[in-house]
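Scroll down for the structure; my scribbles are underneath it.
Letters A, B, C and D name the chains as they come in the text, with residue numbers starting at 1 for each one.
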Amino acid sequence: MTKLEAPEKSFAGEGMYREHILDHYQHPRNFGEWKTCSVQHTELNPVCGDQLSFQLNVDEKGKVMDVHFNGQGCAISIASASLLSDEIKGKTMVQIQKLDKNGIQALLGITLGPARLKCAMLSLDIVKNACLIYQKYGKGGK
Amino acid sequence: MTHVQQNSFSSIQKEFPILSRKIGKHSLVYLDNAATTQKPLTVLKAMDAYYRLHNANVHRGIYRLAEEATLAYELAHQKTADFIHAQSMREIIFTRGTTDSLNMLARMLSSSVEKGDEIVVSQIEHHSNLIPWQQLANAQKAALKFIPLDKKSGMLDLSRIDKIITSKTKIVSIPHVSNVLGTIVPIKEIARRAHKVGAVVSVDAAQSVPHMPVNVRSLECDFFSFSGHKMYGPTGIGVLWGKESLLNHLEPVSFGGEMVREVYYDRATWNDLPWKFEAGTPPIAEGVGLSAAIDFLQKQGMEKVRAHEKELVKYAYDKLFALKNISIYGPEPKFRSGVITFNATPVHPHDLASLLNEKGIAIRAGHHCAMPLATLLNISASARASFGIYNTQQEVDLLVESIKKAQSIFSGGKRAVV
Amino acid sequence: MTHVQQNSFSSIQKEFPILSRKIGKHSLVYLDNAATTQKPLTVLKAMDAYYRLHNANVHRGIYRLAEEATLAYELAHQKTADFIHAQSMREIIFTRGTTDSLNMLARMLSSSVEKGDEIVVSQIEHHSNLIPWQQLANAQKAALKFIPLDKKSGMLDLSRIDKIITSKTKIVSIPHVSNVLGTIVPIKEIARRAHKVGAVVSVDAAQSVPHMPVNVRSLECDFFSFSGHKMYGPTGIGVLWGKESLLNHLEPVSFGGEMVREVYYDRATWNDLPWKFEAGTPPIAEGVGLSAAIDFLQKQGMEKVRAHEKELVKYAYDKLFALKNISIYGPEPKFRSGVITFNATPVHPHDLASLLNEKGIAIRAGHHCAMPLATLLNISASARASFGIYNTQQEVDLLVESIKKAQSIFSGGKRAVV
Amino acid sequence: MTKLEAPEKSFAGEGMYREHILDHYQHPRNFGEWKTCSVQHTELNPVCGDQLSFQLNVDEKGKVMDVHFNGQGCAISIASASLLSDEIKGKTMVQIQKLDKNGIQALLGITLGPARLKCAMLSLDIVKNACLIYQKYGKGGK
């Protein structure tokens, strides 16, 4: 029998907006835009209106050397993007594909319910897809 | 054997509050399970608890109730997928019932049917698996063809199936179990023929899912429809299962609510499966009730449910068959599900139903939503007893005794038939 | 005045079991009534009693339970007819919800729309009253035209209505109350224009029926759709009202079950109204629940319900308006129903909803199933508080305080918007 | 407020098939067919398969002088037809239009639930329609 994950006793409970999430929201790391990069990818979550764009610089071995992102969204999606952008630096694209919602929640330090998890997952989806595009089409994307 | 099976569900009546109801001074004997089943307490409690603790609209809400309602509703899809061995919950579309599932499917497939094409159903269809295809065929100027009933055996006659399902056939839609004859239809055999000519195969499983183990993949069909209220669950919900690869390529036929991705004034794009086919606020409490019904059935074990009903129908068939002036329609017990349709001369089925009602026994009388089949059998009405998990041999004994008594009340006089 | 109104429903929260639930250590403050309402105990008990005592399939059965279920189900139609002042229960079709009603209607009317014809909706539609007509227009190569929103007043701009509703217009479908702006739309005025050019008028009444007295005849519309779950009733049921004279001439669009009169293998004829439009086993328990919800609302009195919510929305509007950095969308309180959609800078609506949830307050955040309207208003998301019969000024105070607190948590930092 | 009639404590209860209903079913009065009549009308209840045909002889004043019926159906529908055929003899067509379900149930001596009431009402529907046809089209029907 497959089971849906049972809800945590309290998702998004008190302290959801703890210091470090607010800090990453209000002062996102690696935020901005470059002239050039190995690959750039943008996605929109039409349901909530969040839109983020990631730029990655990847070396010959497939390791992410540097990353920038920009866009707009709620605190959870911006903070996730900011935390993720730090996290993936130095990781290979293969390692990045292994990141999942547990990894994102670990970065945030909180457990999210399904609705807010979508906000948190947008940046990871974009980064993973950026890697796939790079692997398929090489520098500059398709 | 008989005793073992009877005993395995001997205390189950206690789980159904309605079964302790009295009709006049008699205990209720509910033998209309093909029309709808009664509900175990666990189903009623699950829905009640949903409304008392978690009620909210699903999918979008950020607050606690909405998260809980969403999880419960999605879990209902997952449980349904597991129950019929679907590949994933993306293949499970909640509808309003079997009729709604089949109508939706007919609309989803309508653009793939053109003039001169053929749609195949059988002669034993419930109206819900006949009229949607009949109207589609008429609208598209396609032909509607029928797999015939072999009246002698009560089974579908597959001997000329290659003449019926041909290269022109686009859709084959057949019942898994007949709600009149109880006949169990060999889906896989028909599906293989249909797939050979490139047709899609839809199964009306309203009468099978509640009564036997089903596995949509080993049946080799493409679409599969059933109702919550016939499987010990609530009214207001049904299921359309479809193969993901097919659903992916079909367009939604109902619009609004959670089924969209992007909406503009002049156009829209659709959400992922299964939500793309679920427009509007869905039957949320009903999904919770269906979950509980599936839990209930899985706790009993579908193999055991089938064994119980198989034994009961054999017992009832043999006892009815021994009556005088009785006609039983459909196949031998071993080829049928827990449904027996009959006429007990000289009692008109309506009068029989009324007389049985006086003893607390609920059976159905009429055409059972299969008028063309009644015409084919050359009867204007018939009586039907249909069994569920809570029925017993003692109830069958009472049924048979009461039929006898009805026959004796009516015998002796001239019947007003010209 | 304030106190009189507040007191008139002061004990009503006790009738809703869920309202005594705690979210963490806070009492639930449920302000998402436009999405779905909570259910009074009488509704839950009515459905539970139906399943425990009367459950059977309707219309056909001769035994006691079936007679009882049929009476209860038909009574639900009659009560609904009385509630909206329909001519008779023949005009009341039970559907799955507003979305289902509108989709059914679009299909029922589809053959009357031809290439070059026009369908008119407004710019403030919920997706459920936009996409069915948009898809119909696209399929028939008809034009979809829009009654514009006057952004300043938050009302529909009817100044050029004669240019929008023209002799080519076949269908006008408009909301009675906007689920985003709360705007109350002058149905009669638009209906008169539409009837002058021979168009039929459909009203999406999902947001009006639960909150104000409605009379379909004095609104002068032809069709009227609403949902059970938004009017303190169960999920899984909705209503399509249509004028009998029009329904008589429309063809059913869903087939099988009780909607037939005679069925042959190659054709079928239809039952009387309203059954001809209700295919398959209907939402029986849900009909019983809807009956109980109507009883509940009538006991309160719809005039009083409206007065209570009107006062509450004015109170909330004034308090919110006094906040710093707040944008409220839609008309002045006196022109709106109990819905307030807003943005409280610098807090993103999702974050606001999460923060309010920590205080037990349930509001909605997002596009409220009206994406094109959000685009028109140039916002990607917004927060919405919507009121029901059980909400109080104290709850509004708590809402406003909590918004202030959220703003202070988020203020001071740079916002990550490029 | 319109109200549906509440169900009787017990419809179709014990004694539904009392002597006189069974007698009218097994020995229906005025059962058979004539060569000629003022008007003849047949209706089918497709839902239950009952089919009845009534023939009326009507005098110049619109009074039903004689009646025959035939067809097939359940005990309730045949007994109702038989009882009704006796009842309408000597009645005017205007009087017949005033008969309703209470009248039929009074003839049967029992109260019926909605499903069986349909069986009982078939004959009255036919007789009323026969009168309307006669009034509209005169002898021989349309």
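The rule we apply is simple: contacts are C-beta pairs under 8 Å (C-beta built on N, C-alpha and C of every residue); 3 or more make two chains touch, one makes a residue touch a chain.
Just so we're clear, the structure is a prediction, and the values are computed from it rather than from any experiment.
Novice: Measuring between Cα centroids, which chain is at the maximum distance from subunit B?
Specialist: A
Novice: Between subunit B and subunit D, what distance separates the C-alpha centroids? Give it in angstrom.
Specialist: Chain centroid spacing, subunit B to subunit D, equals 37 Å.
Novice: With centres defined as the mean C-alpha position, give me the subunit A-subunit D separation in Å.
Specialist: Going by mean C-alpha positions, subunit A sits 78 Å from subunit D.
Novice: Report the inter-centroid distance (CA atoms only) between subunit A and subunit B in whole Å.
Specialist: Using C-alpha averages as centres, the distance is 46 Å.
Novice: Going through subunit D residue by residue, note those that touch at least 2 other chains and give them in order.
Specialist: Correct list: 12, 46-47, 116.
Novice: Send over the residues of subunit C in touch with two or more other chains.
Specialist: In subunit C, residues 60-62, 64, 66, 262, 350, 354, 357, 365-366, 371 touch at least two other chains, as defined above.
Novice: Looking at the whole structure, which two-chain pairs count as touching?
Specialist: A-B, A-C, B-C, B-D, C-D
Novice: For a test of understanding, state which residues of subunit C touch subunit A in their complex under the given definition.
Specialist: Contact set of subunit C toward subunit A: 24, 348-351, 354-355, 357-358, 365-367, 371, 374, 379-381, 409-410, 412-418.
Novice: Spell out the residues on subunit C that touch subunit D in their complex, using ranges where they run on.
Specialist: Residues in contact with subunit D: 60-62, 64, 66-68, 70-71, 74-75, 78, 81-82, 261-262.
Novice: Could you list, by residue number, the parts of subunit D that touch subunit C in their complex?
Specialist: So the residues of subunit D in touch with subunit C come to 1-4, 6-7, 11-12, 46-47, 113-116.
Novice: Can you tell me which positions in subunit A touch subunit C when the two form their complex?
Specialist: Per the touch definition, subunit A meets subunit C at residues 10, 12-14, 16-17, 22, 25-28, 31, 33, 46-51, 70-76, 78, 82, 116, 119.
Novice: Flag every residue of subunit B that touches subunit C in the complex, lowest number first.
Specialist: 17-18, 21, 23, 28, 30, 32, 35-36, 38-39, 44, 47-48, 51-57, 60-66, 96-100, 102-103, 123, 126-132, 134-135, 138, 144, 146, 227, 229, 234-238, 254-257, 260, 262-268, 279-286, 350, 353-354, 356-357, 361-366, 369, 371-372, 375
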